[in-house]
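Attaching a single structure in structure tokens format; questions to follow.
By written order: A, B, C, D, E and F. Residues from 1 in each chain.
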Amino acid sequence: MADQWLTTLLTSGPQEGFELAIKLARMGVKYTQPSAEVRDRLRPDYAENADSLTAVSQVVAINFQTIAAANGYWRG
Amino acid sequence: MADQWLTTLLTSGPQEGFELAIKLARMGVKYTQPSAEVRDRLRPDYAENADSLTAVSQVVAINFQTIAAANGYWRG
Amino acid sequence: MADQWLTTLLTSGPQEGFELAIKLARMGVKYTQPSAEVRDRLRPDYAENADSLTAVSQVVAINFQTIAAANGYWRG
Amino acid sequence: MADQWLTTLLTSGPQEGFELAIKLARMGVKYTQPSAEVRDRLRPDYAENADSLTAVSQVVAINFQTIAAANGYWRG
Amino acid sequence: MADQWLTTLLTSGPQEGFELAIKLARMGVKYTQPSAEVRDRLRPDYAENADSLTAVSQVVAINFQTIAAANGYWRG
Amino acid sequence: MADQWLTTLLTSGPQEGFELAIKLARMGVKYTQPSAEVRDRLRPDYAENADSLTAVSQVVAINFQTIAAANGYWRG
């Protein structure tokens, strides 16, 4: 993947950090399935399935751990 | 998502931290499935399924790790 | 949930910490399915299923990580 | 559970720590399914299933993280 | 596996770290299934399945935690 | 298990650490299913299944977190 999409883990606050965690979760998928057409086709499979949505939320939670630690938990 | 819903990870105690962990777990779902109508329709699929409930509890546990660390485990 | 059920992550020893981890795992379920009647009905679904029990044990393990860290691993 | 089964996370070395991690994984199951008769009956369900064994190994890995950290990774 | 494929966890930035996390996820598979022919044959099974892609993204997220910590979160 | 198979988490580099993580993942299975005959019989079940391989890679990733931390991420 040639283009630059991630230059820092630092964000202005926890919500922006959470949204970056979502981006990382999606990029983890994108590197494995680069075709936007296929990803779009698969979307209803998980967006309308309770367990799939929970699984997505789990990946977000794991990435949010990383980003929150990187930002010192925005304690400052 | 335009509105501000997360401005700090700091909470007054561990129970409030646990409840914030639940909120994060739900927001991880909401970002992927923004339709409240669809989420409500899916609710019985996981709220009345033992394994789905365990999976939700796992996401909460992961988010609680982050929040507990952010709060220095409310040791003070 | 109005009542106070978690005021500290500190416990007198690792076993009490492990038992608190179990409580957190259960509370993660309870917040999503508040009906004790439904939870009791679902009990055989996971208590008599090997994979479900492993999944429960995993949530306990994640919560125990948090509690053990909070307690400085009871090293003292 | 009345009896004392966990008084310390400290072990003499990493292998003993790994074996304690296995014990914690089993206790996570035991607290949810206290009947030894039921647990024995379920044993073939996971001991002869590849994915179930991987899931058990994952719970052990999570518990081993906790125990290894508690022991300062036995670096000394 | 005789050849050297991992000599450092340090990367020039977070994106390179994320890409290394993907490599680790793939190597975790490769050590278990060394046959490139078999892995290629299995590719459609996960690359066109939403839940499988989420699972891959989760492994990447876990490896990214490790690499991000190794790099001090590229804060410098 | 009588024999000594794990005396240290320290390795000469990250690749050796990753290979130790694989060993831990396998030992987590071996303690639960000690029969080499059964484990060999189950091998095709996961070695030729995409989701099973991802699950194995996840256990490796978790163990690698532990080993990498033990080794100070081989930064030196």
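The definition used in the following text is that a residue touches a chain if its C-beta (ideal position, glycine included) is under 8 Å from a C-beta of that chain, and two chains touch if they have at least 3 such contacts.
For clarity, every value in this text was computed on a predicted model and none was experimentally measured.
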| item | value |
| --- | --- |
| From subunit E, the most remote chain by mean C-alpha position | C |
| Approximate Å spacing (C-alpha centroids) for the pair subunit A, subunit B | 15 |
| Rounded Å distance, subunit B centre to subunit D centre (Cα mean) | 27 |
| Interface hub residues of subunit E, defined as touching at least two other chains | 46, 49, 51, 55-56, 58, 62, 65, 69 |
| Pairwise touch network: line, ring, star, complete, or other | ring |
| Complete ring sequence of chains beginning with subunit A, oriented so that subunit E follows | A, E, F, D, C, B |
| Subunit A residues within the subunit E interface of the complex | 1, 4-10, 24-29, 31-33, 38, 42-43, 45-46, 49, 51-52, 55-56, 58-59, 62-63, 65-66, 69-70 |
| Interface residues, subunit C side, partner subunit D - complex | 13-15, 18-19, 22, 46-51, 53-58, 60-62, 64-65, 68-69, 73-75 |
